[in-house]
Structure formats: structure tokens, C-alpha cells
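To start, I am sharing the structure in question, which I have written as C-alpha cells.
Going in written order, the chains are labelled A, B, C and D, and every chain counts its residues from 1.
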Amino acid sequence: MSGIFATLKRICSERDGRLGLAFTCLILMFALVGPLVSPDPNAIDIKARFAAPGLAHLLGTDNLGRDLLARTSVGTRYALTLAVIIVVISSIIGSLIGIIAGIVGSWIDRAVAAVFDIVNAFPPLILAFALIALYGNGSATFVLLVTVVFIPQFGRMARARAKTLRNLSFIEAERMLAVHPITIVVRHYLPNVAGPIIVLASMNLPVVIAFEASLSFLGFGVQPPKSSLGTLIKDGFISINQSWWPTVAAALVLAIATLGATLLGEALRRVIDPKSTRAR
Amino acid sequence: MRMKLDRRTFLAGSSALAILPYVSFARAADRTNPIIALDTDIGNLDPGNRVGTTESNIIRSVCQTLVRFEPGKTSWTNDAAKEIKQISDTEFDFELNRGQMFTGGFGEMTADDVKYSFDRFIDGDKNGKKLTYADDMEALKAVEVTGKYTGKLILKHPSAALWLIGLCDASGAILSKKAVEQLGDKIATTLIGSGPMTLKEWRPKEQFVLAANPDYKGPYKPHFEELTGKIIPEHKTAFLSYQAKELDFTAFDADQLNTAKRLPDTKVIDIPGIDYTWIGINVEKGDLADLKVRQAIRWAIDVDAIIQGAYSGATSRAKTLLAPGLLGNWADAPLYTRDVAKAQALVAETGKTGLTFTFTCLNDATSLAVAQIAQANLAEIGITLTINAMDSGAYWALGADDASKDLELTLIPYTSKFDPSFQTQWFLASQIGLWNWQRWNSPEFDKLHQEGLETLDTAKREEIYINMQKLLDESASCIWITHGRNFFVDAAWLKPMFLPNGKDWQFEFFDKA
Amino acid sequence: MTRSQRTAAFIASRLASVMLTIAGATLLLFLMVRLVPGDFTSVMLGPRATPVLRAQITHDMGLDRSMVEQLWLFASRAATGNFGEDVVSHRPILDIVLDVVPNTLALAFSALALAMVVGIPIGVIAALKPGSWLDSGLALLSISFITTPTLVVSVILFLIFAIGLHWLPVAGAGNPGDIADRLQHLVLPSVALALGWVGYISRLVRAALLDTLAELHVRTLRAYGVSEYRIVGLYALKLALVPVVSILGIGLGDLIGSSVVVEIIFARPGIGSLIFNSIAQRNYPVVQACIVFIVAFYIVANLVVDMINAGLDPRIAAGRG
Amino acid sequence: MAISLRNLSVNYSLQQGTAHALRGVSLDIEKGQMHGLVGESGSGKSTVAFALMGLLANNANVTSGTATIEGKSFDLTKRNATADLRGRGMAMIFQDPMLSLNPVFTIGTQLCEVLRRRTPGSDRKTQGAMAEDALAKVRLSNPGRRMNQYPHELSGGMRQRVVIAMALLSEPALLIADEPTTALDVTVEAQIMREIIGLRDRIGCAVLLITHSLGLVTEYCDAISVLYAGEKLESGTVRQVQRQPGHPYTRMLFDCEVPIDRERHADASQNRFTVIAGDLPDPRRRPPGCIFNARCDVSFEDCAVVSPGDYPVRNDDSHSARCLRLATP
């Protein structure tokens, strides 16, 4: 616990970290508290279609008279939840595949590396597109397929780490002493791979947020009446002649969320892994 | 391999910012030839294998038909034909005008060309493959050539539909035999006609240009030298583009009506549609097999709210299958205005609780709005709806392979033609597993349909089709939403022309106001 | 080995690995489509699955033969650009793809050029005075550019410049043959696509330039009185461009991927909107052809990038990069 | 004309405080002579070179110092005071030839860059010929081909010759050679030193050889200065100092140099004069008295209190050392 506190303190010690934390907290507040204080996001009120922002509806209403502030905050919550789930699952699966490949070595390792390379030869958005189009658009399938797109990044990182660890003498010694491989993995590999993977995951979070927004904008993923940031932008965009602010509001929330997550992620990287200089 | 990345496109790309946006782009004021928007690109220019209305509109303006629709009407006058004589209910003699030349040096039109064009619908294309639109000519048995310019149409049975949806429309386009044989597969992308216009240019996904055909001998001379059609898939974008004066004419969606009315130098054209959108209920599926459940759903769904919420109140609600104005419109059809008490009572009668159904629809904004209103409506009588929105490909795939058997509630938009038989055919028992997603099976309905096809007397047909709609109403398998409404904005200087359904545009009759 | 031999060997080894990746990508694509549950002809044909078409597809794709033969058929056809005939329009699929490709290439390359023309100077300026207010201001600007999703940029640009101010056109790619018109139609989409990369390139240039400026050969030049402008703008920049150029290969892929969103918003014809519409219509043969094209383009772009880098930094070709 | 450096003091501001890297260092180098500046790592000998060149790091601060080169005097406390001289009046050869050339430009381009400043207005062809000639003069084999080669295609010794050729092209009045052979094979050392001597003789410039190797100094230099912890402890001609070191530190240096002279480690850090017990004093807090007091084997009480001045050794004005033992009360 004190470790988290110390990390936060160090993140706050520089401007970008403070900004990132502030933006992230703002978005989190919006996503967590917003739905509690605003009206039902799915309550249809045909008479109040396209209401302008006012006391009853701070952000106005959509084509079915639903409160846009409520829908935007619920959509933000949905988008963030989805992004976190995708990042967590893909980082865990990627790390495991990477570690196993790195430990086992031989042709399995080369095959895994080749698969990662090949998956990387597809532009991510296009790959996600094709997978979703082929295998369906249900929420679970959607998460699974987007996860597949992001696994190779984590896998590569974990694999590289595992390979360097493999050659370290103390691990070699334990192997010779016939310590159970799972014990070795848990004792040495996981703790050593965790740091960079956490950094990579935090750097990938905004990427996934933007990614999910693009997909839901194009109509993949979330199903009505639920909303996500991408669908809000799209719905607003369709009614752009009635009102521009729903689009702009959702777009701004999305931009602040990705900016905040990126700044925070970079600050976290500087704290956890100060040696690496690369931005992406 | 054909690469069209020319130097110009590349230069244009790399120096995009060098030239700043202040050079004003072509504005309406400078234009003498109209630029209009179409939501769908040309797919296939072979009349029998066309994909949608874009091609049929082009084909009708580029090719001659024996008889041509008059401007804005479903009545017709002779075009390629000098004279058509009715010998009996199933036999017609025709004589072509002389000197009707196909463009591209393919010579004069003869009766051979007519036979060749129509035989393709009867016998299939050069590989014997059935044409997509072969059924438009279903009633046609054979074409006999009796002279260079004369011939005979022989029908299988008396048919009113053949003229309306076959001979007058794009399927009736007369092609040059020589050209089709010479073009081979290129017939999909090249259109050789003898009509009022020619297809001068087509840049896929971008635009096509129709130009007046100086050699056209028929009665209708086009009023513009050129007409450019831009492919803009979304009505919203096209409407914005119109507002920016990049276009002179476009369709737009109902929810923009108020904006459209405020636009300067603009006429808003508003044509009641004859298409039909309805919520189909699968009468075979689980609890939906219970008539009372279906009736309850019909009472619970607030169609008026749907018209307001999903269609911005800009269209009127439908009461029945056939739209007002069509032969067989059932003017006295019952109107189911929302009655929650009645709906709840019906559900209570069945003794069922916790009803849950899936609502399948397309994933466009209007369909989704309908779905969400229906969802809210049914929640009030204790029925839970799960929305399953699909992209168009997946959605229409439900028509094949009996994929529709698992549907429960489905929002279905269909297009109409001017003969009622075209509409009623989708509700036949033979369509179960294909396009009859209600899976409603009524031998009586089927019998009436066949009668309607073979009857020529209008009053009798009217009665037949009204009776068919009564049967549909009793089944409570369809909740009619709307016949649609077509909205267009149109620069004040331009006078467009369409058939009464608002879908079929007559480019050859577009004129200056 | 002489230098030219080494370069040849380098190119050969890169080509070999590119071939392997393309082969792998083809295999993956093949498997991706084949592993879809359900009858394959229905998957490919969707709503248009008539018995005749089914038989045709079965024959065309060799579905009645062994998997290995099918793969070979698929790969050899993809290699020759023979993707068969579109079942909707009966046109060759290759033609359908090639019709729209120039638009997307124009968009991607203009965005890339824009990103470099704007991004590199910003990076150089930031690197000249590291730690200054200018530097930290540019850093925040760059990172905002990077993180703002293309979707947001497109929508906002569209709202302001096309709808609000009417400065730039709303939809399409412009009149064929009218260069000025086509350029105007290209401005907003390419800016929308480029913005993130402006930020990314400027940060990369700054970081690489600072790294390079700390290297000892820069001190040598200073010791011999070479002006700071020449050092930064020529000697250090060339070295700093190596990581930038290597990222451009990935960048092109990313740009083509993001072009889907941009092309949809600005209603531009292109490979992105073609894929999107084909997916919506379940027209998988077209989707497949588009993806083969994009992947091949992406891989070739990366190869070209490697070649450019080998030209920039002779150590790469010598295998010491 | 002599080159002189007077009273050079340099501070580094570090996070932990201000480090005094140089304190009042003065040097005199005769034209046509080679002057060896000797000291261990951290003694500040490279700081002298960079202060002269004006190439100090950003956190360095010259608090005092004047240089006189070719009759002109320069106030080193001003930033870039000698900027004008770089590539014209002064040239430098660096410690690590593997890193001191730009890897992505050809040898020829980098040599010609020097000429851009030295002979402005001359055309590319002439510059190319001059550069090739310079490569030939430093006896680099096949100079025509080298012009088009990249640094990574050359060995360390060859690259150092390239840097020497650069120096040659800039025809300086003062050449600073900062550990020019440390990173090279011992077998190459003699060749490189010969080229530096050859360059000096050809141009007639003064050379400041910065090294930790007394062997090099005794073999090639005319004069020597010994630097310790930022202070100059002794200076004189090589012969004078070798015959009778005035400072105990110099004596200890000579004592340990001989045995390790010919078996140097590849890693420069291993070559420290570890034989002298004790560590350098903390550069942030100069102890009172003699700076070498803590490690001196002949110190007496006063050494810890009284700061020694520069006293002549054997009454020879050209040989002085900073040791209280030489002070005549």
C-alpha cells in the first residue's frame, strides 16, 4: 500500500504526471459518479427529442429524448471498463505465452515469435475489423477478438525478458537443483516480467480506449440501448444538423481520457522503468 | 496489373497543405449542369443483373425500352416501339421505330435485339446462368421475330405486372445483341444503349457522368448536356454537402426536415412512399405462437411514438401492407393505437410471465431508434426485448438457408413496386425459409395471390388484395410502421423528376426550373 | 566482402524475411476465413448464396479438394492478384480494389508527408533548447496530438472547417481531373490523419536528436568550429532520422488502418471505406482482397523503409546497426 | 609564440553541490613543443582541454581564467570565448576514435567540413584533394578509397589518423590531444604518437598532450605539468622533473609508472595509479593545507594547515612544485 502511495507521490512530482493524474481522476469521477446523480440513461421521452442543454438536461437529449449527460457518463464507464478488461486479459495471456516461449525455447519459441510477427503485419484496426466481421459482434466475442489483436505486444516483451532471465545463473542453478518449473516461474519470472508489462499495459490503455472508440463508432461492439464513447460520437454525428454539442462532448471526453491515461502511463513508466526512453 | 496512381493524384496528395483552402470551390451559382448525390454506387450495369436503384435509374435513361414511363407517372407511352398491338390477353405485336442507333457504333436497333435482350431473362446469360432480375419477366414465354423491325410477345398467362415491373423498367432495356456478345463480361461495367443519355464516365465509388445522347431519336430530349452523380453513402453527409452548395439535389432523412426548410434557394420535395416497414413476428417461435401474445405486442407497441422518435414525425404511420395510391390499398384497415391495459389483459389471459424475446434489426440509426422504443414499450407490459442489431450483410443473409427460423421479432424494411402482387409474394408459404420471416402459412392467402396474378380486371384485383390484407391482419404477425416518405432538397434552379414512389429517378427528365 | 556485396546480402536477407512474413500472413488470413464456423459457401456468399453460386464458389476455391491444395490455390491466386469475380457486381475483384487504391494512397502519403514536414521541425526546435518553456510547451502539444484519437480529430475538423466555416468541402474526393478540387478535398482528411503522427514524429525527432547531440562525434564537429546549425540540421539530424524512418513503415500501416474512420467521416472513396462497406455487405472475397493488398503494402513499405535506412545509416547494411 | 593559460578555475554544479574541478591552474606551452599534462582520472586534466576549447558541459562554470593564443588574449569566463579559434587556431584529438566520427557520413565529407571553415570559398574538388592529401600525410593507406568510406569500415587506429588529418587540415596554433592512444592497441600507440609529432613538426604548432601515462610523456614530451584534484602540483621540462621530481606525488607517480608501463589493460579504468594508497579528496570540500596531504608519505604537521605556493625546484625558475618542503623559510 505504501508502495502505491510512494509511486503516486513520485508521479505527482512532475508536471506531466500531475496533469495526467488530474485528467484521469476527472474522467473517473465522471464515469463513476455521473451515472449515480443523473437520470436513467435509457429513459425514452419522445416529446423531449433533441432538447438543448438546460437545467433538466445539462447536455441536452438525443433523438429519443434520452439524457445525454447520463448517456455520456455511462458510455464513458462502459468504454473504460471494456478497455481495462481488454488490456488486463491481453497482458496476462501475452505474458504467459511470452514467458513459456522464452523458457521452453527451441522451435516452440521461434514459432511463437513468428506468429507474433505475422499478426503484427496486419494493421491492428484492419485485423480487428476482419476478425469481428468473420466471427461475430457479441460483447464477449468482441472483447476476445480485440484481445487477440493486442496479445503479441505483451507476448514479445515478456518473451524478451524471459529469455534474458533464463540465462541468469541463479535460475540456472535452481533448474539444476530440480526445483519445480512452476515454482521457478512464480518465484523469478513473474516478478521480473511484471514491471515492464505493467508499464506497457498502462501505455496501451489509451491506445485501447481509442481503438474501442473507433470500432464502436463504426458500429462494432456495444449493442443498444447501451452506449459507448464511439457510439455517442456516431449518434451525435448522425444528428449533426440538430445539435453539435453531443458529438463534441463525447469527443472531448474521449480526448481527455486518452490524454490523461497517456500522461499517467508515461509518468508511471518513468517511475518504474526510468531507463527506457521510448515513448511508444 | 492496372495501377491508377498517377503522378497528379500523388502530387495532389503530397502538397495538400501547400495550397491553402481559400481558393473557393465550385459553387452552385457557376453550374449549368446539375450535380446530384446517390447513396449507392453502380454495382452492375447489366440490366438483368443490376444490384439496386442506382443502376436501374441509369439504365432507364441510357437504354430504350419498348414503352417508357412518362415524366413522374406510372403510365407509359411508346419509346422504342412505334406501335404495340394487343392481339389477346397473352399476345402482343410490336413494331420498332426506324433508325434508332446504339452508341459506340453498334448499329441500328432491330427486333432481333429485342428478342436477344428479353431471351436473356428467359434463358439466362451466355453461360445459361439465371439473371438476378429474371422474375421481372416471369410472365413472358417467348419473343418471336416477324420482320426486321417487327415481332411478337407471347405471355404464359395474362399479366398486369409484366408491363409495370418488366417492360417499362430497367429489365425491359433493349440491348444491342452485337454489343453484348462483343463485351462479354464487361457488360457489368459498360452500358451501350440508344436512349436519351449516355454513360460518359464512371469512377467507381466517386461519381458517374451522364451526357445527352445527340443521336437519340425518341420523343424525350434531355434538358442538360451533362448530369453528374456523386456517390455519397450517407444521407447525412450528402445533406451537409448540399448545404455547402457542393450538390444541387439529394435525398435526406426525415430528421433533417426542419433544417432543410430553412435553407435558402432550396425546394424541399416530399413524396409519400409506397415501401413498407413492419415488425414481423415469427408465428412458429415459442410463446409467439400464441395469437394473444402477438396481439398484446401489437397493442403495446406505440407506433405513433416510433413515427415521432425514429422518423421525426415526418412520415405518417402505415396501417396495412399496400400503401395509399397503390391498387388494393385497404383504406379501412384497423389502427392499433397503443393500449397498455388491453395488452396487459391479453398477456394475463395467456398466464405467461417473464416473456423475453429478441428484436432483430439493421444497425442504422432509424432501425435502432425503432428497436429502442419498442424495447421501452414492451418493458411496460412485462416483456423483455433484447436488441440484436446487424449490419446489412448479416441481416439480409437471414433470407437464405432457413436462417430466419430463429427470429422472433424483426424490423423489416421492404421496397415496393407498382403492382401489388410484387408486395404480397413475400408472405406466401413458399417463401417460408426465404423471405417470409413471419413463417405465417395461409393456403387461402396463397390462393388469392395466384388469382390476383391472373386477373386483369382492376376492381376484382382490388377486392382480392384487400382480402389478403385482412388475412394478414387477423394473424397479428405484422405490425405496420410506415410506408416511408422520400425527402429531397433541390436547388431552386433545378427541377428533378421521379416516379411516384420517389425511388426511381428519371434522369432523362431532369430540367431547369 | 565489399560494400556493394554486403548491401546486396542485406537486401537479400530482408527480402527473404519479407517473403516469409507474407507467406505467414497469407496462411493466417486463409485460416482466419476457413475457421469460421458454418458452411463455408454461406460464409463467403452471405445473402447471395444460391445453389449455382455455391457450386461456383466450391469449384473456384477448390473446396472439394484437400486443405493443402486449397491453401496453394489461395496463395497462388493472391500472388497474381487473381481474387476472382465479385458476386454482387460480377466485376473482377482486383479492379474493384484498384479503383479505390489511389485515393487511399494519396491520403496516406500526403498525411505522412505532412506529418514529417511539420513534425520534424517541431522536434528540432524542441531539441535545440531542451528544458525550456518552448520545449515543454511543444512536448505537451505533441503528446496531445498523439493521444487525440483520429476519430476525434476528424469529427472536430469536419465540424469546424467543413460545416461551420464552409472553408473546405464536406464529402468525397473531388472532381476527377480537377487538381485544385481534389487537393481541397484532401486537406481535412490528411490533416486529421497526420495530426497524431506530427506529435509522434516530433517527439521521436526530439529524443533521437538529443541522444545524438550527446554523442562524441558531435563534440568533434564542435571542436572544429562547425556551426551549430549545420551540426543540428545536418549531421545530427541525419542520424536522428534513422529511428524516425524506421517508425514510418509502421506508420503507413497505421495510417491505412485509421483511414477507415477518416474515409467514413469524410465520405471519401478508398480502401478503408471499401473494406467497411464490404464487411457490412458480408462481401468477404472483397474484404479478403483488400486485406491481402493492405498487408502486402504494409510489408513492402517496411521493406522500403529498411532500404532507406540502410541508405541513411551504412552500418545497418553492414549488419552493425 | 607561446601559448599561456592563467589561473583557470572551473566549477561543476551537481545535484549534491558544487564541485571545484580546477583551481587556479596555469600552463605555458612553447610553440613547436609538446607539453604533457599528467594526472589520474578525476584530476581535471580533460576539463583544462574543454575549458580551452569552450566545449564544457552545460553545468560547468568557468569562474576565472585567461588564455593567450597567438598574441590574442581570451577571457575564458565568457561562454564561447574561444569559439572563433575552433577549427582555426585550435584543434583537438579525442580519446575515443571509435566514437569521435559521425557514423553516417563518409570520411571525406567530415574532412571537407573542416575545410569549409579553414578555406572558405574553395570549391569542393579542391577541398577533396586537400583532404585526400592530408590522409596521405598521416600515412593512411589508400587515401582515395578512404575518402568514400564510412567510419565503421575503419579500425580504431585508422580513425584516429582521420582525426589527426582533420587537425592537420585546420592548421592550428594549439593542438590538444586528449588521451589520443588510451583506447587503442599498444602496438598502434607509437604510430599515432609519431603522426602527432609529425603534424607538430609540419605546422609548428604547440601540442598539449593530456594523458595519465608518464611513459608517453617521458618519451614524447618536452615539458610536463602534473595535475592532482584540480590543482597543478608541479611543472617543468621533462628532463628536470624526471631527474628530480619536486613533489612527492610526482615521485610516487614515477615509482608506479615503470612497472605497469608496458602492460596496460584494455579498460582505461584499470590503469589507475592504484599503487598510491588513499583516495582523491572530495572535490566539493577542499581540505585545508596541502591538497595531497592525506596521501603523502613525507608530510609533516604544517602540511595540514598551510596551503603551499609554487616553489622553484633547485632554484630553477622553469621548474616549480607546490610542496611546503621546497619552501625556504
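The criterion applied here is as follows: a contact is a pair of C-beta atoms (placed from the backbone, for glycine too) under 8 Å apart; a residue touches a chain by one contact, two chains touch by 3 or more.
Everything numeric in this text was worked out from a predicted model, so none of it was measured.
Colleague: Starting from the Cα centroid of subunit C, hunt down the chain whose centroid lies farthest away.
Modeller: In terms of C-alpha centroids, the chain at the greatest distance from subunit C is D.
Colleague: Of all the chains shown, whose C-alpha centre falls nearest the centre of every protein C-alpha atom combined?
Modeller: Of the chains present, the most centrally placed is C.
Colleague: Which chains are joined by the largest number of contacting C-beta pairs?
Modeller: B-C
Colleague: Nearest whole angstrom, what separates the Cα centre of subunit A from the Cα centre of subunit B?
Modeller: Taking the average C-alpha coordinate of subunit A and of subunit B, the gap between them is 44 Å.
Colleague: Return the distance between the CA-based centres of subunit B and subunit C, expressed in whole Å.
Modeller: 39
Colleague: Just give me the whole-number Å value for how far the CA centre of subunit A lies from that of subunit C.
Modeller: Their C-alpha centroids are separated by 23 Å.
Colleague: Rounded to a whole Å, what is the gap between the Cα centroids of subunit C and subunit D?
Modeller: 52
Colleague: Can you list every residue of subunit A that touches 2 or more other chains, as numbers and ranges?
Modeller: In subunit A, residues 237, 240 touch at least two other chains, as defined above.
Colleague: Touching two or more other chains, which residues of subunit C qualify?
Modeller: 163, 279, 282
Colleague: Multi-chain contacts only, two chains or more: what residues does subunit D have there?
Modeller: Residues of subunit D never touch two or more of the other chains.
Colleague: Could you list each pair of chains that touch, in label order?
Modeller: A-B, A-C, B-C, C-D
Colleague: Provide the residue numbers of subunit B that touch subunit A in the complex, in ascending order.
Modeller: Touching subunit A: residues 236, 239-240, 255-256, 259, 305, 308-310, 312, 363, 365, 368-369, 371-373, 375-376, 387-389, 391 of subunit B.
Colleague: Tell me, which parts of subunit D touch subunit C in their complex?
Modeller: 53, 55, 83, 85-88, 90-92, 94, 96, 99-105, 110, 113-114, 116-117, 150, 152-153, 163, 166, 170
Colleague: Tell me, which parts of subunit A touch subunit C in their complex?
Modeller: Result: residues 15-16, 19, 114-115, 117-119, 121-126, 129-131, 133-135, 206, 209-210, 213-214, 217-218, 230, 233, 237, 240, 244, 247-248, 251-252, 254-255, 258-259, 261-263, 266, 277-280 of subunit A touch subunit C.
Colleague: What part of subunit C is in contact with subunit B in the complex they form?
Modeller: Contact set of subunit C toward subunit B: 39, 42, 46-49, 52, 81, 85, 88-91, 94-96, 98-103, 105-107, 109-110, 113-114, 117, 161-163, 166-173, 175-176, 179-184, 186-187, 190-191, 267, 269-270, 273-274, 277, 279-283.
Colleague: Note which residues of subunit B are touching subunit C in the complex, please.
Modeller: 1-6, 8-17, 19, 21-23, 25-26, 42-44, 46, 49, 51, 129-130, 185, 188-189, 201, 203-207, 230-234, 237-238, 240-241, 243-244, 246, 391-394, 396-401
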